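The same chain A turns up in both complexes below, where it pairs with chain B and then with chain C.
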Partner chain A sequence: MDVFIQILITGATLGAMYALASVGLSLIFGTLGMFNMAHGLFMTLGAYAAYSAASALHLPLVLGFVVAMAAGGLIGVLTHLLIVRFMLGTPDFGMNIMVATAGLAIILQDLILKTYGGYPYPQPVRVDGFTQLGGVTITFQALVNVAVALALILGTAWLLMKTRFGRAIRATAMNREAAMLMGVKADTVFLQVMALAGMLAGVAGLMISTQATLSPQMGADPLLKAFVICVVAGLGNVWGAGVCAFGLALIESAIGYYFGMRFGFPTMLMLVIVILILRPQGLFGREKVVRL
Partner chain B sequence: MSDLLTCETIASGYLNRPVLHGVSLTLPQSGVLALIGPNGHGKTTLLRTLSGLLPLRQGRVTFNGADISRASVHKRVAAGLIHVPQGDQLFTEMTVEDNLLMGAYLETDSAVIARRLDEVFQLFPKLKDRRHQTASGLSGGERRMVGIGRGLMADAKLLMLDEPSLGLAPLVIEQIYAALDQLRARGKAFLIVEENPSRLLHFAERLCLMDAGRIVWQGSAAEARASGELLSTYLGGH
Partner chain C sequence: MTRLDPLFRHLLLSVVIVACFALLPLVLTQRYFLGEVIVFFLWAMVALNWNLLMGHAGVFSLAQMLFFATGAYAVAMSTSYMDLSIWAAIPLGALVAALAAFFIGLACLRLTGAYVALLTFAIVGMVHVLIITETECFAIVRNSCQQLFGGAPGFSQFTDFGFRPMLRGNWILGNYYAALTAFALCLVVVVVVIHGRLGLAFRAIRDNVGYASSRGINRRKYQIAAFCISALMTGLAGAIYAAHFRAAGPSLFDFSTLLFVLSMVVVGGVGSTWGPLVGAGTMMLIIEFSKSMGDARNLILGVSLVIFVVALPKGLAGLWARLRGSRRRPLSEPEPQS
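Coming up: the complex of A and B.
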């Protein structure tokens, strides 16, 4: 029983982070048709922004969270205004924007390295304390991470499914031209999606740094996993990405427990290969969503 | 300015491929103008230019007294110039109702939206039964109804329909045109594009014949019917 709880807790904590990272990535892919290679750095920036806010300005915890979210949203908006906007609709957009955002990621990572140095810091924006469930120790930080991630994902789902704003995003994702013919300003929707995804990434970064440490390359691993999750879920399927994030995280933590952490990710990748052979469009995907 | 829509020698097209070469036409405040002609001669391009999806290269477009030559797509929609594109272009993974609600995207008064939704359901009762179904599961005729209904949900002063009979069975085409006739009786203005003009010869008040990016003939439907030579030359003897 303790083992089961341990796996469940680890899986849920990992899943919360993966879900926040991949929901944003999936939202961007579904709406703009682009792989955001800088998504990992959106997370890193969120984490460092919270660190700076807490250590330099001595802001309370909740504000650290808000700062991470704002920093992620801001970099999302800037990426759209300074890069994506000018490339949308050009030939080979999908490939070119991948290279462009990968370049942005390198620049941002070097800027962070230059500003903060390569030394890993502990994240000061954190919740201390733990509780016991059976023989398992559960940190309050893990509980807070899971709760916040769930709240943000459900909030995003509500926004997308139940509001006029979300309906416009979904319409633009399904058929950009038709949405424009309804009076939707596609440019504005793209900007909003980049802001929203950036905000989720910023929070994801903060969470990741509470579980490990801050370092300039901390976004690389979650970005890779978020990509894997989006592909398994079906590219652009936001809801599926959330579900797959928790599913794959549970599997990773179970494998990690029984065979050692280093087998977690390779097993996940094996599983992905099998899934993609059986269902090339992803678990929740429709064939037409895949545009590569 | 009593005309609803005026195009003055407009030119437009795609990258490195001009399609329209100086098209001029005028639409009155109500009634049906038919734009006919063979495929690939600029009918759809004209509609896309009028709705703002394609930029205007030359000429001037006036709608309801205002110059909209450089206006963005959403400004034209807000002004009541509504383009129902070819092949419906529905939001396939949304429900019928959400599709229709997207049509009223620029309207924020929920009472007005509810009233318009009701009107669409009265016009196409089938859609009311299917309101919670996903659009991808509909038949071709139902999809067309959603497409037109979505256009009606905006406060359309002019509905531009691109081939409303495309790909439908004759009986379904009858239903669609019966609905259009009801709307016409309520004073709505239409610009209808069809490749096959036989129906529009009797449905429209005026016809424009388009060939190679130009309007080569325009006149009343009666004149078009009387002109046997015109019909056999361009329309294959209908």
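Coming up: the complex of A and C.
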């Protein structure tokens, strides 16, 4: 029973971080049709921003989250204004934007490395203490992470489903031309989506750094997992991404517990390949009818 | 001017290029420069094959460095553990890479577009993590523990081409001509594939899957063929790399190494024939000159990727074609209707 609870808690903590990362990634893909290779660096940037703010100003926890969110949102907006805007609608956009964002990723990583150095820091924006449930230790940090992630995801869902702003995003994702004909300003929607996804990524980064340490490469591993989650859910399917994040995190933590941490991700990936062979459009993706 | 068959024309050009490189050591004798040219051969091979896959077959795979590493690791492991001769290990490395590509292709090429890129990227990430987290000793080499796949430090100091005792001070010349031979082989393969029937099928699939398949071209079959051919040649480059440097390690999986080669393809021109060769030379020169300004390598890589993709998506080859007017269009553009 203890083992079960332990796996459940580890899975939920991981799942909360993966969900935040992959919901943003999926949102960007669904709306702009672009795969953001720099998403991992958006996370890293959020974490470092919170670190800087906390070590300079001794911010309380809540403000740390706000700073991480702001930093992530800012880099999302800048990416759109400086790179994506010029490439939308060009031929081979899907491939070229991946190259461009990969380039951006290495620029940002290099800048972080040069500013902060490669030495891993502990994240000062954190909560200490733990509680016991049965024989299992639960840190308050894990509880806070899960709570914040759930709140943010529900908030995003509310934004997407219940507001005018969300309706514009969904309309653009469904059919860009039709939405524009109905008077939706696609450019504004793209900017908002990049900001929103950046904010989610920033917070995800802060959470990841509370569980491990800050380092310029910290975003690489979560990014890989977010990719896998988005592919399994079906690219652009925001709901599916959230659900798959928790599901895959649970499987990963179970495998990690029974076979050792290093096999968690590889097993997850094998599972994903099997899923994709059976359902190439992803678990939640609808089969697309291709018209020639 | 009589119009030559494009295949023949490009083959002639590759013969000229190889001949120039074969004569180069007469002029250039410093070991450092010859070493740099060898590295150029290796990266150019990877870039040419990546372009074959990405630009012509339309498969955006991020596993190119995985096949390079497979070739290098196969050489390292077969010479370290089985005392295989280096000349047998090099073709073995290329074959193992092609085999790996076949299986990865079977799994990934059920998908299309960005999915392929993501899945290949995730597979590379997984292999990287599995290699660097390996801790169990497989053998004891020079009084230290050697993991089966080399672990985080990788393999080093295994047998090389064996030119050192033969040519003594001029051993680099042996390596140079060995690498040049592989480079020449790779050029011929790439040119024949791009300008032959296979290349035609690849581009037909890339441009319009529906039309191509209705004319009897099987997408999966041809894309897996493209995957395997490009992996075979990339694996060969990796095997030569291992034999030249006597090292193979997880740094081959670094994101910056991947982007270095990607920048060669993008700067040279995706979908061209000779672009990646120009791109490889250009990027290597830029990085070489930037060394004097401190560690700016990654910054330059990123900036040049972004600038080229935004401003010149067809790379230097596209620019060249535009400067020459529309008289001879690059392969990626449709021929004008007559």
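To be clear about the criterion, the second predicted complex is superposed on the first by the 288 of 292 C-alpha atoms of A that agree within 3 Å, B and C clash if a C-alpha of one lies under 4 Å from a C-alpha of the other, contacts with A are read in each partner's own complex, and residues count from 1 in each chain.
Definition applied: contacts are C-beta pairs under 8 Å (C-beta built on N, C-alpha and C of every residue); 3 or more make two chains touch, one makes a residue touch a chain.
In this text the structure is predicted, and so the values were computed from the model without any measurement.
Undergrad: Do chain B and chain C fit side by side on chain A after the overlay, or clash?
TA: With chain A aligned, chain B clears chain C, so fit.
Undergrad: Mind computing the angle chain B to chain A to chain C from the CA centres, in steps of 10 degrees?
TA: If I round to tens, I get 90 degrees.
Undergrad: Output check: A:Gly183 vs chain B and chain C. Expected answer is one of first, second, both, neither. What do you get?
TA: A:Gly183 contacts chain B only, not chain C.
Undergrad: Touching A:Met174 in the superposition: chain B (first), chain C (second), both, neither?
TA: It touches chain B, and chain C stays clear.
Undergrad: Scan A:Leu250 for contacts with chain B and chain C and give back first, second, both or neither.
TA: neither
Undergrad: Residues of chain A touched: more by chain B or chain C?
TA: With both complexes superposed on chain A, more residues of chain A are touched by C.
Undergrad: Please indicate which partner A:Leu271 is in contact with in the superposed arrangement: first for chain B, second for chain C, both, or neither.
TA: Neither chain B nor chain C is touched by A:Leu271.
Undergrad: Does chain B (first) or chain C (second) touch A:Leu143, or do both, or does neither?
TA: neither
Undergrad: What is the contact status of A:Leu159 with respect to chain B (first) and chain C (second): first, second, both, or neither?
TA: Neither: A:Leu159 stays clear of chain B and chain C.
Undergrad: In the superposition described above, what is the shortest C-alpha distance between chain B and chain C in Å? Please give a whole number.
TA: Scanning every C-alpha pair, the shortest chain B to chain C distance is 13 Å.
Undergrad: Any idea which chain B residues touch chain A in the complex?
TA: Its residues touching chain A are 51, 53, 72-74, 77-78, 82-83, 85, 89-94, 98, 101-103, 105-106, 150, 154.
Undergrad: In their shared complex, at which residues does chain A touch chain C?
TA: The touching residues are 29, 35, 83, 86-87, 90-92, 94-100, 102-107, 109-111, 220-221, 224, 227-228, 230-231, 235, 262, 265-266, 269, 272-273, 276-277, 280, 290, 292.
Undergrad: Provide the residue numbers of chain A that touch chain B in the complex, in ascending order.
TA: 164, 167-168, 170-171, 174-175, 177-185, 286
Undergrad: Can you list the chain C residues touching chain A in their complex?
TA: By the definition above, chain C touches chain A via 54, 60, 107, 110-111, 113-115, 117-119, 121-123, 125-126, 129-130, 133-134, 208, 210-211, 255-256, 259, 262-263, 266, 270, 298-299, 301-306, 309-310, 313.
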